[in-house]
Amino acid sequence: MFFGSDNTSGVHPEVMQALVKANDGFAPSYGSDPIMDEVRARVRDIFEAPDAAVFLVSTGSTANVLSLATFCAPWQKIYCHPLAHISTDECGAPEFHTGGAKLALVDGADGKISPDALRATIGATAQGDVHAVQRGPLSITNVTELGAVYSPAEVAKLCAIAKEWDLPCHLDGARFANALVASGATPAEMTWKAGIDVLSLGGTKNGLMGVEAVVIFDPEKAWEFELRRKRGGHLFSKHRFLSAQFLAYLTDDLWLTMARHANAMGGRLAQGIVGLPGGALLHPADANMVFAALARAAHMAARSAGAVYYPWPRDWPANGPKDEPLTARLVCSWSTTGEDIDRLLQAARG
Amino acid sequence: MFFGSDNTSGVHPEVMQALVKANDGFAPSYGSDPIMDEVRARVRDIFEAPDAAVFLVSTGSTANVLSLATFCAPWQKIYCHPLAHISTDECGAPEFHTGGAKLALVDGADGKISPDALRATIGATAQGDVHAVQRGPLSITNVTELGAVYSPAEVAKLCAIAKEWDLPCHLDGARFANALVASGATPAEMTWKAGIDVLSLGGTKNGLMGVEAVVIFDPEKAWEFELRRKRGGHLFSKHRFLSAQFLAYLTDDLWLTMARHANAMGGRLAQGIVGLPGGALLHPADANMVFAALARAAHMAARSAGAVYYPWPRDWPANGPKDEPLTARLVCSWSTTGEDIDRLLQAARG
Amino acid sequence: MFFGSDNTSGVHPEVMQALVKANDGFAPSYGSDPIMDEVRARVRDIFEAPDAAVFLVSTGSTANVLSLATFCAPWQKIYCHPLAHISTDECGAPEFHTGGAKLALVDGADGKISPDALRATIGATAQGDVHAVQRGPLSITNVTELGAVYSPAEVAKLCAIAKEWDLPCHLDGARFANALVASGATPAEMTWKAGIDVLSLGGTKNGLMGVEAVVIFDPEKAWEFELRRKRGGHLFSKHRFLSAQFLAYLTDDLWLTMARHANAMGGRLAQGIVGLPGGALLHPADANMVFAALARAAHMAARSAGAVYYPWPRDWPANGPKDEPLTARLVCSWSTTGEDIDRLLQAARG
Amino acid sequence: MFFGSDNTSGVHPEVMQALVKANDGFAPSYGSDPIMDEVRARVRDIFEAPDAAVFLVSTGSTANVLSLATFCAPWQKIYCHPLAHISTDECGAPEFHTGGAKLALVDGADGKISPDALRATIGATAQGDVHAVQRGPLSITNVTELGAVYSPAEVAKLCAIAKEWDLPCHLDGARFANALVASGATPAEMTWKAGIDVLSLGGTKNGLMGVEAVVIFDPEKAWEFELRRKRGGHLFSKHRFLSAQFLAYLTDDLWLTMARHANAMGGRLAQGIVGLPGGALLHPADANMVFAALARAAHMAARSAGAVYYPWPRDWPANGPKDEPLTARLVCSWSTTGEDIDRLLQAARG
């Protein structure tokens, strides 16, 4: 009963099989492997973006920070939500890779950036003021860090505001597949058609071993990205093993199938939780993450039964409120089973 | 007949098996997996270094530059050979990760740093001169980039010179296993007993998919290293898959067995080449790399038969000398077969 | 009638005289000038800090960011007020010089950091969490950016909180002399006795041409600071001209005399403003800066009469509220005269 | 008898007078002072470059590194002479301000870069090789660090080579005035007509207190430079005092008059030295610097008489050869007198 994070799950068997298959014989290194050609073609096809540049890296932080560094000067601000992964979970990697850029936090409900707040924050920087950190890229996270999903229209609205100042737009899609199947939109609608210039296309949290793609819709930035990847230490010599994972991911809609399953599990969990003692959802459980309140006793019972998940947003029982209910984050993945969920619910029910 | 690099080889079957095995169920992420505990214990045991800090990363450049950044202030110099990987093949990753340190190149035969040149170069920086980039770590590469192997005594001699100025010593051991079996020394003799403070312990070039260990003999630096790894984007969420590879690597001496095989193939290739038309070795083929001259016709015949390897140090036929012989680098790995070598030699023989 | 900033004032005649005197003949460069020895001795004496390291630089931003970089690792946070100069007016210089550190903004009235908010903010970073930007120095500004003055007890309270986590404490004293004479405290009480580890000791805003001292109470950090100063491009070759200014500054209490005058002018201005139509103070005018509301008509009349000062916090008339009163910042300096103030008040009175 | 460096001289009286004059009353800060408008116009006129961007900073290192950072990506190389100030005397400031670029050293006689070596070095970087630090700007120093002066034709030849690869060209003109009067060329011929894109136009070594101009012939880079200057901590608040110095410098050819005098003194010194015991010139004394050999006894006699100058290239007597002659660097400035030189020569003659 592991609901701590989707990255505690393993690798989908078809992906593992692809690794075994890719291991046959010798192959050119550093991204010149023929499997990468297939990956590139597949991504361009899926995103209806025949000129897009496509690169693979091994962690989500890397996908984010190399993307942002390519689109953000050292003296610029990155507009993002206070809970964005780049703000809270990357130990300053964006600041490091950009050469000292700044995050400008723009709040909003359910992890979504408020359009009004975004316009106000961007507007607050005086044009041509050399004393101020300058305006830079917008970075949106979809699925948000609170489990909600932006619709293409919501993404488009934020990007349109950024574009009023000609600012580039980045999408942290560590859970892009989950957002996609939740919204019913196409990959193009969710990205470049809505104004996104560069996408971190997650794989690791959704059944891969450690691969994320970066999709740059403006290919002029491709060479700079390649240099930044190499210089960051992020260019794999035995690159075929990244390619093989990602090709399997995109074959026969495996990525969507896994995301659909994870989301279904998330829905089932959310539904169950509201029926529990003290049960309530803190945010819309649009995809595979559930933020919920639960009676203290229910938590304790679930934990005793072996359920693993994290208090949220504050730690408890140590620092939590003495009065119930206590709040927590529970995450489902491609490998979460209905049985896992039922056992959790049953345990919590007491 | 792939002799382009040891990183064009695949993954040893036992390593692949370990990955499959590690894929069972859920596991804690970001290095908290129990397999990592075994890796740590194993490395400490093998290196007779019970306090050493042990970390895994996915590329050799990363192992090098995070190690160096941890031991080098931004205003210091790193002393290394002009052909060191950090100097020629990492696109300035050391400069980036250290925050702008400088490489001071110290030449010497066969890719080895000359002790006299090292002492002269370190000594040339005036003590306490605020205008000068300051003295910093020594970085040695073993196996060298020209295929030679430093003995423990040779490593110790260089480290002793660095220690005259209290400078830390780094070993780029992308091919450490090959150096070890070639020298007959123990891991401890090749590292901390000779004065090495931090080791990039290669795995990728020797049968892994993409894992290198960093071994820091002074554990006080461990936390800074962890922060730099995270901040660089190099902390894997599904870390168990790095751990599993490295545990397999160190189990039943697999790492040494693979290196011994690669070295044996290197020796067989070197021996064969000197018997070919125009055949001669440019550097001692102490391990798995052979730098050799060969008649132009012999090269062409080998290439026609499908042999893949790189001209060295200059490109040919385009830019090479018109007069024979032409020089090249050929690399063997754990998966190179005697038959591969025989076919190459036979083809070259014409 | 210039009230735009204290840096629109010129240089005190005695300082200019000192420059002329220092220009006699040749002198050793890069800080080895004998005048610097006098400066160092004088600063140590005034601060009752016989071991303090003392350096001169030419801008306030430089004093701040070199100080902070010396006490802050790239992966740490600097705790400061949202209106701190390092946050709003240095174009990301702290991020650049630290190698990508982050500012953590801690609000509070009148530009002062709230002790409770400081403790909560520092405490919110989980100990040993490699995913988070780590705790780093506290930076206090005295006089604050809103014209208030911290008492030694208030400084000590904030430093004590930082010290609970062993964090270093920096004081941005661009207007330190103004704070000092306003508080009646000694230099030692305002700094190291209250827990300050490093001080930006302003001169430029208080009658110098372009010199600030950095006083490091822990001399172990001195050499690193020197290297950062040089590497930043901030070591003057004809350093005697910095030394001469600062020596004149500290001679016969010139720095205090000028600050006392500026504060007196600030008080006179504040007193006058509250008697004007719509007149009110937004913050305590403890030193030489006055933040005030005034009827729109009064502003317009003052401007027509030639008074120069800036709308605050928002620009007007363009973006200001249509309804009066409008708010502004007015700054006095060593060269502001009582006559200037009387003319301003008279004009505004209509 | 100070021949240690031209920066041990003071400030020309007319410059000091200009400072006093500029000190009258209040003035807009941060470069908005009206004197700066005059400086800009004067520089554009002198350089026949009506669109050039002109900025003032306070140290030569700053002029160099901000210029280079504006024209060099972090993953590029700067081609310069091994003795270039940016390589030997700035404590890694170029590496810091560029975000980790690398210096590629290209040797040549008398401190001049050899054209053949330049072409070979640039050519040695393989096009499109992501593993290599990429090609970047050329940086030339005129007067060279060994006292020789490049002719416009020599500058043009080097720039033309760089332009074969579309690389930008920087001129470190810390002693630009000395080079100009020595060559008899116009400022335009020495810079943009020869292919220079950005110029560090020295003032400090030639009679100013601490001001250098940066002239960017392509104004598209101006805004980035401004941001880098601010972010580096190099934007002066009381900027009028930089402007005033530079305006005096360019008024009535003061800069050229001072440089002509310094060069004349250099010539007189060089001529005298070759007549001394063991006297010989190591490099052509084209401007105000003399590199000379002299009998040990002659050195000792000069020193005893109070002459100050530095051993070059190695320290002596401690580390110098026991056998004569010993070599040294002697620098003249605007304030060196013929009498100083005669006294030195007489003393050395014994």
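The chains carry the letters A, B, C and D, assigned in the order they are written, with residues numbered from 1 in each.
Everything below uses one rule, namely that contacts are C-beta pairs under 8 Å (C-beta built on N, C-alpha and C of every residue); 3 or more make two chains touch, one makes a residue touch a chain.
Computed from a prediction, not measured in an experiment: that's the story for all the values here.
> Measuring centre to centre, with centres taken as mean CA positions, what chain is farthest from subunit D?
A
> When I count C-beta pairs in contact, which pair ends up with more: A-B or A-C?
Pair with more contacting C-beta pairs, A-B versus A-C: A-B.
> Rounded to a whole Å, what is the gap between the Cα centroids of subunit A and subunit D?
51
> Could you please state the distance in Å, as a whole number, between where the Cα atoms of subunit A are centred and where those of subunit B are centred?
Measuring from centre to centre gives 34 Å for this pair.
> With chain centres taken as the means of their Cα atoms, state the distance from subunit A to subunit C in Å.
It comes to 42 Å between the two C-alpha centres.
> Residues of subunit B touching 2+ other chains?
74-75, 90-92, 96, 99, 130-131, 134, 227, 230-231, 235
> Using the touch rule from the top, collect the residues of subunit A that touch subunit D in their complex.
Within the complex, subunit A contacts subunit D at residues 30, 73-75, 99, 130-131, 134, 224, 226-228, 230-231, 235.
> Can you list the subunit A residues touching subunit B in their complex?
2, 4-5, 7-11, 16, 19-20, 22-29, 57-62, 65-66, 90-93, 96-97, 204-205, 209-210, 227, 230-238, 241, 308, 335
> Which residues of subunit A touch subunit C once you look at their complex with the stated criterion?
Its residues touching subunit C are 74-75, 88-92, 95-96, 98-103, 130-134.
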